[in-house]
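You will see chain A twice below: alongside chain B first, and alongside chain C after that.
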Partner chain A sequence: MKLNIEGLLVYFPYDYIYPEQYSYMLELKRTLDAKGHGVLEMPSGTGKTISLLSLIVAYQSAFPLEVTKLIYCSRTVPEIEKVVEELRKLMEYYAKETGERNNFLALALSSRKNLCIHPEVSALRFGKEVDGKCHSLTASYIRSQRHTDPNLPLCSFYEEFDAVGRQVPLPAGIYNLDDLKDFGKRKGWCPYYLARYSILHANIVVYSYHYLLDPKIADLVSKELAKNSVVVFDEAHNIDNVCIDSMSVNITRRTLDRCQNNVDTLQNTIHNIKESDAAKLKEEYRRLVEGLKEANVARETDVYLANPVLPDEILREAVPGSIRTAEHFVGFLKRFLEYLKSRLRVQHVVQESAPQFLKDIFEKVCIDRKPLRFCAERLQSLLRTLEIADIADFSAVTLISNFATLVSTYSQGFTIIIEPFEDRTPTIANPVLHFSCMDPSIAIKPVFQRFQSVVITSGTLSPLDIYPRILDFRPVTMASFTMTLARTCLCPLIVGRGNDQVTLSSKFETREDIAVIRNYGNLLLEMSAIVPDGIVAFFTSYIYMENIVASWYEQGILENIQRNKLIFIETPDAAETSMALEKYQQACENGRGAILLSVARGKVSEGIDFVHHFGRAVIMFGVPYVYTQSRILKARLEYLRDQFQIRENDFLTFDAMRHAAQCVGRALRGKTDYGLMVFADKRYARADKRGKLPRWIQEHISDGSLNLTIDETVQLSKHFLRQMAQPFRQEDQLGLSLLTLEQLESEEMLKKITQIAHQT
Partner chain B sequence: MDDQGCPRCKTTKYRNPSLKLMVNVCGHTLCENCVEMLFVRGSGNCVQCDTPLRKSNFRVQLFEDPSVDKEVEIRKKVLKIYNKREFDFPSLREYNDYLEQVEDIVYNMTNNVDVENTKLRMDQYQRENRDLIQKNKATLTREQEELEELLLLEKQGNEQRRLEVLQEEQRQLQARRKNKQALLDELEKSQVPATILLAQHKARAAELEVEIEHQKQSVKPATLFSSGIQRQTVSLLPPPKIEEVLYKYKALHIETYGPLVPELEQLGRIGAYEEREREGKTTIALPQVATVPPTKPPLTHRKCFPRRSLWANQSRTPLVRVLTVC
Partner chain C sequence: MDEEPERAKRWEGGYERTWEVLKEDESGSLKSSVEAILYQSKRKRMITSHNQVRLGMVQGHRNTGNIGLLPILLKKLMRHLYVVIDCSRSMEDQDLKPNRLTSTLKLIEKFVDEYFDQNPISQIGFITTKNKRAEKLTDLAGNPTKHTTALKKAVDTVCGGEPSLYNSLNLAIQSLKHMPGHTSREILIVLSSLTTCDPANIYELIKTLKTLKIRVSVIGLSAEVRVCTVLTRETGGLYNVILDESHYRELLMMHVKPPPATTSSECSLIRMGFPQHTVSAVMDRDAKPSFSMSHLDSSSSCDPGLSLGGYFCPQCHAKYTELPVECKVCGLTLVSAPHLARSFHHLFPLQTFTETPVEELQGERFCQACQGELKEKSMFTCPSCKNVYCMECDLYIHDALHFCPCCTHGDAAR
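Showing the complex of A and B:
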């Protein structure tokens, strides 16, 4: 259908539209008009992706100069593929309606591992191996060596692409990863480099967060993207953690040992080269003296080891004299490494700030701040000069040099924590140096500064105002949309007591309490008797789950449950978990019914959807707080309090509730779907917790369902399930939660729609 | 770590966790016991390289690689002499060259390359720059100063935060106690039934809680000047010289390529105003100084000029002054 969104003609590839989609597009358009940033929350399963795509594509074709590019960031490869498929549907609709093929170029980009078509390289299993092997075939100095020695191995795909591919732009169309591979195979071009080259002139790019947020990768891939692009972060409820992870460094004893090997190799290589080809080192030296580090040298395959973000003025300055020659630099690395080793030999936990670290390093091994700052840059140059083919081996020394650069660049927002052992195993020495970033705004700042509109969207972003605060930006629109429903197909229940009036809670004091565990078991048992097909249960942590399940086994509860349904358990191991999932689906499929026991913050809670009969009920055992005793978390909470005036408790609750909402949201993936959401903890009833749930869940929690016993829960669930099991046709939805074009344009509907968006 | 050991008696850290390794100027290791044994007389030769050593020069080995210990030792000595700062040099390039030179010396000394000559060079340098070395000894480098300052700020911030939290807690405690006392007093004296008093107290307590919550939320950001005077960093840099040319006023000269523009007073005498009023258009070359608001499109795009009255009405902020000749 063709929509008129405040004067903009939007092609929408379906015959019906949800009212909230229309409302979402309105808000999005206002964001784009204002050229500002936006935070939009809309329930999962209401067609966020297609609304986003159709509006932005319409905007692009209406104002081609204002918005040149859409950068769509998602989390995983399957999600990326899903987005591309939606886009393909949209473009087909465009072609059908307008009768002409529009020349839109849209493509997905992923790592070499997913895109490589070289027969040997693509057979490798790990991403790092593929990257390293690819680099050893395509680096510019290796290719120039081949001129003298034609027997060296080469990647014909890259050669072909380099020779021809750059002149001919990728023909317009929609390319997912497989399409790119096919195209590459047909032409004999490398799909990875083709995609990386083509994103510069593509209209829509779909890729992972890391290509934009991780400074090491962003520097390579996204450096030249146009300023007037629109960036969308989908499923962005975890974006602050992604930002923090991309800037943090963890150094263990093993890293240092491998680094030691790297340094030794470097030293030997320098020694050899000095005897055979001293001119090369001299040339590098001359370049560094002149301060022309980057000029003309950084060809795309060489810039493999990019440096973390550096202030521009430093990049323009020449490398300091003390690390200018190769030997001196290796000596410098050695000293730095030995210093780190001596720091890791602690007996107690040390926490210090970056300035303290810098002072100490100067006193101990006479290393100044300035050469440290240039460390990453200098190492890059050295590796390039030494023409080391397999750079993957040098990841350890790269990590160390990145750490050196970061620690000397940022005096605020980072902390150094050295732990001699893990908290759980105090007898086993396993020293780790955490250089942890506490300020997510550092990594995302360039994105907000560079692009005119950044849209952060997800199904669970409540409370909305906390994201702008922790990411440090000013949005022009912040809106939360509710789900318009023809029937209330979600039923959130808060179970606070057992049948014997024991308070249900996962708080620390009652963790071991046998009564609570028994009541949790009873809850699951009763639910397994009345809920058809699949039930997903979430625990707060793996350890807690293990304890409870062991206890249930002893009490014979597991046996009783197994009369009703099969039980599957998520484990930290990915292969085991995917096996369990597969069998779980099979059991749901053939009517046996199953229960999946999994963990909040785990793989199942983040990426797996349980549509229809795969998840008729979700039970959340306890409030999924993070492990609050971790020192990194404590430091971050302190920082949040001092810098952003966010109290510890507020942040912890916010974090717990967003994960709880993610978990229970797994069951409801659309308007025809239905699901029970059981929150089994008394604390959910409190206003401060309840208020942090997304609005679309909150508004279905009535006062009557705040502090239920297990009996009452069973009664309410039975009633709900019987109601939901009645046949539900599309006609029932029409006009209420599903609209045709005429219905949409009616006066009263437009009035209703304005109420959907909840501005904050 | 465990495989480190004394090369002479072959004891390792694994077998004797309390093993203390020592290192001397030559960069070779010995354990504490062997040092005691071999250097009873206060001096002797290194077991591995035969360098004459003194017992008093033995240090506890800090790093796994003894050569790093040796290098750091030498470096500290060298840096005591070579302590020039960046501002002692006219350009960054020269400073970098100097740094490299220092690095060369350290490298030579550590790896026993050309030791005699290097020592001579150092001595010569020391003699030549005695004054400067003395002067720089007393001062920190700029970077260190910055670091010190940051550390100080951090310390102050922590202290202040601690105090604030303490005060806040105290205040809350007092408020609660006062509230409770008030209830007791009222129960004692007042004639109102106890249930009402209790209800009142409950409401008040809730209010207090809300207020406390509110206060908690508005944690004050640390101000820079709360502690009074900040420590000033004493910079030894000469005050920056201003080398730009001073501004000189020059009268504006406009090339007109036509008849001269009449002065404003003359306009009345020429009678330009009246004539314009009558005919709407004049043939006299009449300069107009008009103010155009910045939002209007440039005049060249317009087909005809608006009337004089229009000009008069337009905004008073003369951002663009346009000279037009009709």
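Showing the complex of A and C:
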């Protein structure tokens, strides 16, 4: 259907539209009009992706100069593929309606592992191996060596692409990863480099967060993307953690050992080269004196995405004399390494700020701040000069040099914590140096500064106002959309006490309480008897789950549950978990019924959808607070309080509730789906917790279901499940939660739609 | 439907969240809307069941005690139905009073009566499943009393363990697959449990059911189970979940009507025998009392079956005391003319009445049948005599009477 969104003609590839989609597009358009950033929350399964795509594509065709590119960031490869498929549908609809092929170029980009078509390289199993192998075939110096020695192996796909691929742009169309591979195979071009090259002139790019947020990758891939692009972060409820992870460094004793080996290799190589080709090292030295001026020129024209690792000032200076020659640099690395080793030999926990660390390193081993800052660049230059093919082997020394640069560059927003052992195993020495970023805005700042509109969206972003605060930006629109429903297909229940009136809670004081554990067991037992097919139960942590399940076993509860359903357990091991998942789905499919015990913040809670019968009920045992004794967390909380005036408790609750919302949201993936959401903890009833749940869940929690006993929960659930099992057809939705064009354009509906968006 | 059973005392009932019914309908998504949906599906059921029947003609030569040919119609009048009753642990649940099992058996007894009332030339059989096993309660047979006594006995069954869908379906298949293709093969499962314990992959069995053209319907007593959804969708059956006892009965009664036939019927004419009841003594002086063929293999020797009179198969002269039955000797279907007549209305169903809002009616607003005032929003008009009925009467006319009272009245007057 063709929609008129405040004067903009939007092609929408379906015959029906949800009211909230219309509302979402309105808000999105306002964001783009204002050339500002937006935060939008809409429940999953209501067609967020297609609304986003339809509107932005319409905007692009209406104002081709205002918005030249859409950069769509998603989390996983399947999600990326899903976006491309929606886009394909949209483009087909465009072609059908307008009668002509528009010359939109849209493509997905992923790692070499997913795009490589080289017969040997693509057979490798790990991403790092593929990258390393690819590098050893395509690095510029390898290729130049081949001029002298034609027997060296080569990647014909890359050679072919390099020879002709750059002259002819990729023909307009929609390319997912497989399409790119097919195209590459047909032409004999490397799909990975083709995609990387083509994103510069593509209208729509779909790729993972890391290509934009992780400074190391962003620098390579996304540097030259145009300024007037629209950036969308989908499923962005965890974006702050992604930012933090991309800037943090963890160093263990193993890293240092491997680094030691790296340094030794470097030294030997330098020694060899010196005998064979001394001129090369001289040439490098000369270049370093010139400084990194070249890079500096590029940055001044403001076409590049700023690299947060290397602030501008660095680039204006030349590399300091003390590390200019290769031997001196290796010596410098050795000293730095020895210093780190000595720091790891601690018996107690040390926490210090970056300036403290710099002062200490200066006193102990006389390393200045300045050479440290150049460490990462200097290492890159050295590796290039030494023509070391397999970069993957040098990850340890790269990590250390990155750390050196970061620690000397940022005096704020980072903390260094050295722990001699893990909290769980205080007897085993396993020293770790955490260089932890506490300010997610550092990594994302260049994105906000550079692109004219950045949209952050997800099914669960409540409370909306906290994201702009922790990411440090000013949005022009912030809105939360509810789900219009023809039948109440979600049923959130807060279970506060057992049948014996024991308060159910996972709080620390009652965690070991046998009565609470027994009641949790009873809850699961009762639910297993009345909920059909699949139940997913979430615990707050692996340890907590282990304890509870062990004591259920002793009390015989597990045995009773198993009469109703099979039990599967998520473990930290990915292979085991995916096996359990597969069997779980099988059991749901063939009517045996199953329970999956898993952990909030685990793999299951984030990436896996339990549509329809795979998840008829989600039970959340306890409030999934993050492990509060962790020193990294404590440091971050302190930082948030000092810098952003966010109280510790507010942040912890926010973090716990967003994970709880993610977990329970797994069960409901669309309007025809239905699911029970059981919050088994008294604390959920409190206004500060409840108020932080997404609005589309909150509005279905009635006052009567705030502090239920297990019996009451069972009654309500039975009633709900029977109601939901009644036949439900599309006609029942029409006009209420599903609209045709005429219905949409009626006055009454337009008035209703304005109420869907909840501005904050 | 007849009158409501006496309601239990309020304190005996389950949680009735009556205040929820009272919520206003502004938000558009509350219980009242669910009820509206139910009402709609009730109407729809009526309409579809009438539309699927296409006209056919009975051309049987009903001479005295002779064989006739009956063209098989698009609606299968001869049904073979197995009812699988779940007797697992979950049947002890007391959300139906006094418990699910007793309530189910009681309703099914009524169902059996109704079934034979509407499908006199059909057969039914019962299977129970518990403890991962399936057992035959009664074989396929056309004798309602036999089934009702078996059902009455089954009330004392001890429920336990899990049911097994696979085993019960398999058991039903064993007998159903030998049934002739012009009859319907059906299985109705009353499933209370939400789990099933199967010895093999049930999806293979579903394929078998599909190739054998066995239609499986399920009535769920607790919630929607995935495997049942697939099972019914694949085999073309119905899947419903009960809301309460009255809804349960409604759903059961839905299965009284014969299902629409698939287009590929095996043959178009079947042979049928129409024996007449004769007391041999009248005709033949040497008559000796003889056994009915159907009693020969039945173990239940409650009545000896030795009698003088009976129905004699027009083809092989085997004797039967009851009709309808399939002749044990020559396999001829033996029915009596009234039986066919009773199935008659499935062939010539009453037309659906047109639904119109009450406002359109000029003059007095009362129902022609019950003479009550038309209180609901819509009324129903008979397309041939243009008389007006209320919803309740409309249902009654279509479900029980099968003719329009005003039309016949008009005919008589003329």
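Quick note on the criterion: the second predicted complex is superposed on the first by the 743 of 760 C-alpha atoms of A that agree within 3 Å, B and C clash if a C-alpha of one lies under 4 Å from a C-alpha of the other, contacts with A are read in each partner's own complex, and residues count from 1 in each chain.
Following the convention adopted for this analysis, contacts are C-beta pairs under 8 Å (C-beta built on N, C-alpha and C of every residue); 3 or more make two chains touch, one makes a residue touch a chain.
Predicted model, so just to flag it, every value in this text is computed and none were measured.
Following the overlay on chain A, a side-by-side fit with no clash is recorded for the pair chain B and chain C. Of the two partner chains, chain B is the only one that A:322 touches; chain C does not reach it. By the touch criterion defined above, A:338 lies against chain B but remains apart from chain C after alignment on the C-alpha atoms of chain A. Residue contacts after overlaying the shared chain place A:369 against chain B, while chain C stays out of touching range. Of note, the Cα-centre angle with chain A at its vertex and chain B and chain C at its ends comes out at 160 degrees, rounded to the nearest 10. In the overlay built on the shared chain, the residue A:590 is in contact with chain C alone; chain B does not reach it.
Once chain A of one complex is fitted onto chain A of the other, the partner contacts of A:280 are absent, as it touches neither chain B nor chain C. When the two structures are aligned on the shared chain, A:732 is found in touch with chain C, with no touch to chain B.
Distance between chain B and chain C in the overlay is 32 Å (nearest C-alpha pair, rounded to whole angstrom).
By the touch rule above, chain B contacts chain A in their complex via residues 1, 62-65, 68, 71-72, 75-76, 79, 92-93, 95-104, 107, 110, 141, 143-144, 147-148, 150-151, 154, 157, 161, 216-219, 221-222.
On the side of chain C, the complex with chain A involves touching residues 14-15, 17, 28-31, 33-34, 37-38, 40-41, 89-90, 95, 162, 165, 194-198, 201-203, 220, 222-229, 240-243. Across the interface of their complex, chain B is touched by residues 289, 317-325, 327-328, 331, 334-335, 338-339, 341-342, 345, 353, 355-356, 358-359, 362, 364-366, 368-370, 411, 641-642, 645, 647 of chain A.
The residues of chain A lying in touch with chain C in their complex are 485-488, 529-533, 563-565, 588-593, 612-613, 616, 712, 715-716, 718-719, 721-728, 732, 736.
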